[in-house]
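In the two complexes below, chain A is the common chain; its partner is chain B in one and chain C in the other.
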Partner chain A sequence: MDRRRKSDGLGPKSTQSFSVLSQPLGNRREVSFSAYALLFSEIVQYSRKRVRSTTGLEEKLNDIGRRVGSRALELVAIREKVPTRSTKVLQILSFVFNPVWKFLFGKQPENLRKVSESESSYFIEERDPLVNTFVSVPEDYGSMNCAAFVAGIIAGVLESAGFPAKVHAYNANDSERTYPPMTLYTIEFSDEVMAREKRPGKRTMLNILFSVGVFMGTFALATNTDTLK
Partner chain B sequence: MSKVNLQRLGETVFQSSDRVSAELLALTYGSTVKQLLVDYEEPDEVNKQLDQMGYNIGIRLIEDVIANSKIYTISSFVDSAEIVAKVAFKMYLGVVANTVDWNSDKTEFSLQFDDNPLTEFTELPDRYSDLWYANILCGIIRGAYEMVQMKVECKYTKCVLRGDDTNEIRIVLREMLLERPPLDDE
Partner chain C sequence: MTVLMIISPKNRPVFEAVIPANSLSERQLILSQLAIFAALDMVDEAMWSSKDLYLKVVDRFNDQSVSAFVTPGNHRFMLLHDARQDDGLKAFFNKLYEFFIKIALNPFYDDEEPIRSKAFSDRVRHLAQEYL
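Showing the complex of A and B:
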C-alpha cells in the first residue's frame, strides 16, 4: 500500500526510506498521557501566537489535525484488514466512529447522528474529548473548542477516504450537564459526495476511484514538502 | 538511588499512569513539525522553535516528574543524569536511555537511546537534512533542568533519521543557578 511520508523518496537517502517503509506495523506502543497533553498544550500555545482570531486558531488546529487524520486512515485500514473500501457515507462514518476513534483515543464517542434539516450533515457527539482534558478556555475566547484538532483529524480521514467534508467542533448546549459541555463534531459532506451517494451501482466505484485518485494527487502535492502550497 | 532502582521506579510510574497510543503522539508531533516547516521554512529556524516549544514544556514537565516519581531532592548533576535517563524518559516516552561519554569533570554527558517514539513512521528528506527532528526533547531537558537550578545546554548529536545508528543528545552543565530574590521586592 502506498504510504504518505514526509519525503519525496528520491535521492541518496532512498535506502533509508525503504527501511522505514518495510517496517512491520504490529508495534503498538504507549506513551504517557501527560506527554501527549503537554505536547498538545504547546501546539495550542504556538498556534495562538500566530493567529488573530479564535476562528483562525480553530483553523490552525484543524490543519494540524488533518495531517494526522490522513495518515491515521491508512494505518487503521491496514490493521482492521478491511476487505473493501467504504463507498457509502454511513460506512465511512461508522469506520471513523469505531476503529479510528479506538485507535486514536482508546474509546468511542457517545453518538453518531444525522442532522434532520440537511441531507449532507451528520454529527458525532463526544463527552470529554481526550485532548480537552487539561484545557480550560478563558472567557474572551468565547465558544472556542480545542477539539478543533480532532475535527481536523476526522476531516483528514474523510478526505483521504474520498469523502471530502468540512468538520467543526462545537460545544453542545447540553441541558443535563452544564460543565463541561458535550463536544459536537458537525460533518458536512461536499456536494460531490452527496451526488455520488445518490447514484447507485458500479459507476459509484469508478467515481470513488477517480475522486480518490484526484485527492491522492492533490495530497501528494500538498504533503510533498517540495511544494508548500 | 542505584540505576536499577531508578529504572524500576520509572517502570512503576509508567505502568500506573494513564497512557495513550504512541502512534497518536508520533502523528501529532509529525504534524506539528510539518506545520513549523511550513511556517518557518528554514530547518535551523525550526530547530530553534522546537527547542523553544520544548523549553515551555520542560518548565512544566519537571513538576510532573517530581510529583509522580516522588524524587524531591537531586543531590548532584551526576544523579540528575540518571533520573533523566531512567525515570523521566521511561515515564513519558516509555523508553529508557543510557548516560554515556562523561567528561572528566563530570559536567558533560550524552544521553543515548535507540528508540524514539516521536520518530515513528518518519523519514527526513534531503532538503531538511539540517533538521533535528526531535529537537523538542532538547528544549524539554533544558527547561526542566532550569527549574531545578541548573543551566544546561542541550544539543542533538546523533539521530537515526539522519542515518546514524542511534540517537544521542549531549547535555553540558553551564552553571548552577543560585536562588535569587525577586528583583522588585515591593
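Showing the complex of A and C:
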C-alpha cells in the first residue's frame, strides 16, 4: 500500500498529477511593468463602474488590496531566510516598509514616521507610487488617490498579522504641486493592538514578581527581628 | 496515533487529519479534538511572547503532547502526538507550512474556508509518514 502510494507520484518530482502543490515557492520572477500597469488600470476601471462616489471607489480599491496583502504576508515571510512572526508594532511596520514593499514594488518608500500627537498612528511617505505611474486623476475627482489600493495591501498585511489598523492614502502637499507628487499612507492601529503592546512581557512580569517577593521577604525578616528583640 | 488540525485566525478549524487514517473511534476523535482546542489557549498566550513560528510542546494531555506552529498570518497548526517523538516535528511543520501557503495563495481559496483539496491531504499524510 505504502509503496504504491509513493509511486503514485505524491513526492515532489511527480509527473502524474499537476497541482499547485508541486510548484516551487522560492523562485522569484519579475513581472513586466506594462502588464502590471494594464492590470491595475483594468482594476480601476472595473471598480469605477461599480461605485457612485470617489470614496466608494477608494473603498473598492482598498478591498481588493486587502486580498493581496493577506497573501503577500505569508509569501514574503517564507522567502525570508529565517521566517519569523512579528509580535510588536515596530517589527510589523518595518516588515511592511522593507521586505513587503521590495517584493511588491521593487523599491522602498521614502519615510516611515510616527504621528507625534497620537500613540497609535504612523505614516509612510512615498514619492510617486508604482501604481500611480500612469494614473492622472481628473479634476472633478477631488483629492482621490488610486494608491488606496496600496493602502489596502498594507491594511491586509497588518490585519492578517494580528495588528488590525485603518490605513488611508492621501495626496501630500496638495497646494505646492510638487512633482512627482508625494503620497501619504496613514496607519492607525486599533485599541486592542495598543493594549497588547503595553502589556508587559513574560520576563518583565517575572522581574516584577521577583522584586515584590524580595521586598516581602526583607519586610517579613525585619518584622521578625523586631519581634525577637 | 497523531491528529493534525489547522485553525484559522478566527478560530475556525479549516483542516483536520488523523494519521494513520481511521485509526480512532468517534469517541477518541472527539476527545483529541477537545485536547487540541484546550491547547489553543496556551498557544494564544505563547505566540505573543516568541517570534518563532514553531512553539514546540504547548500542552500535555495524558501521555500525549500538543505541539503548535503559528504562521506569520496567525494560522495555527496543532499536532497531537505521542510524547516521545519530537525529532521530525520541526521539519514536518516547515514542510506543511509550505504546502499550506501554496493552498492559501490560490485566488479561489478564501480565508476561513475549509481546505478540501485531496492533493493537500494526500501530501500531508505523505509528510507524516516521512517525518513522524
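As a convention for this text, the second predicted complex is superposed on the first by the 172 of 229 C-alpha atoms of A that agree within 3 Å, B and C clash if a C-alpha of one lies under 4 Å from a C-alpha of the other, contacts with A are read in each partner's own complex, and residues count from 1 in each chain.
Operating definition for what follows: a contact is a pair of C-beta atoms (placed from the backbone, for glycine too) under 8 Å apart; a residue touches a chain by one contact, two chains touch by 3 or more.
Bear in mind the structure is a predicted one, so any value in this text is a computation, not a measurement.
Chemist: By the touch definition at the top of the document, which applies to A:Ala161: first (chain B), second (chain C), both, or neither?
Modeler: In the superposition, A:Ala161 contacts chain C only.
Chemist: For A:Ile64 in the superposed arrangement: first (chain B), second (chain C), both or neither?
Modeler: After superposing on A, A:Ile64 lies in contact with chain B but is clear of chain C.
Chemist: After lining up the shared chain so the two structures overlap, which partner does A:Leu75 touch, if you call chain B first and chain C second: first, second, both or neither?
Modeler: It touches chain B and chain C both.
Chemist: Contact-wise, after the overlay, does A:Phe105 reach chain B, chain C, both or neither (first, second, both, neither)?
Modeler: Only chain B; A:Phe105 stays clear of chain C.
Chemist: Just checking: does A:Leu38 make contact with chain B only, chain C only, both, or neither of them? Give me first, second, both or neither.
Modeler: A:Leu38: touches chain B, not chain C.
Chemist: So in the superposed three-chain picture, is A:Thr87 touching just chain B, just chain C, both, or none of them (first/second/both/neither)?
Modeler: second
Chemist: More chain A residues touched by chain B or by chain C?
Modeler: B
Chemist: Shared contact residues on chain A, chain B side and chain C side combined as an intersection?
Modeler: 5-6, 11, 17, 20, 71, 75
Chemist: Any idea which chain A residues touch chain B in the complex?
Modeler: Touch residues, chain A against chain B: 5-8, 11-13, 16-17, 20, 27-36, 38-43, 45-46, 50, 60, 63-65, 67-68, 71-72, 75, 103-106, 130, 225-226, 228.
Chemist: Spell out the residues on chain B that touch chain A in their complex, using ranges where they run on.
Modeler: 14, 17-25, 27-32, 34-35, 37-39, 41, 49, 53, 56-57, 60-61, 64, 91-94, 117, 120-129, 136, 163
Chemist: Which stretch or stretches of chain C touch chain A in the complex?
Modeler: 9, 47-53, 70-74, 97-99, 101-106, 111, 117, 119-120, 122-123, 126, 129
Chemist: Any idea which chain A residues touch chain C in the complex?
Modeler: For this pair, the touching residues of chain A are 2, 5-6, 10-11, 17, 19-21, 23, 25, 70-71, 73-75, 77-78, 83-87, 91, 160-162, 196, 201-202.
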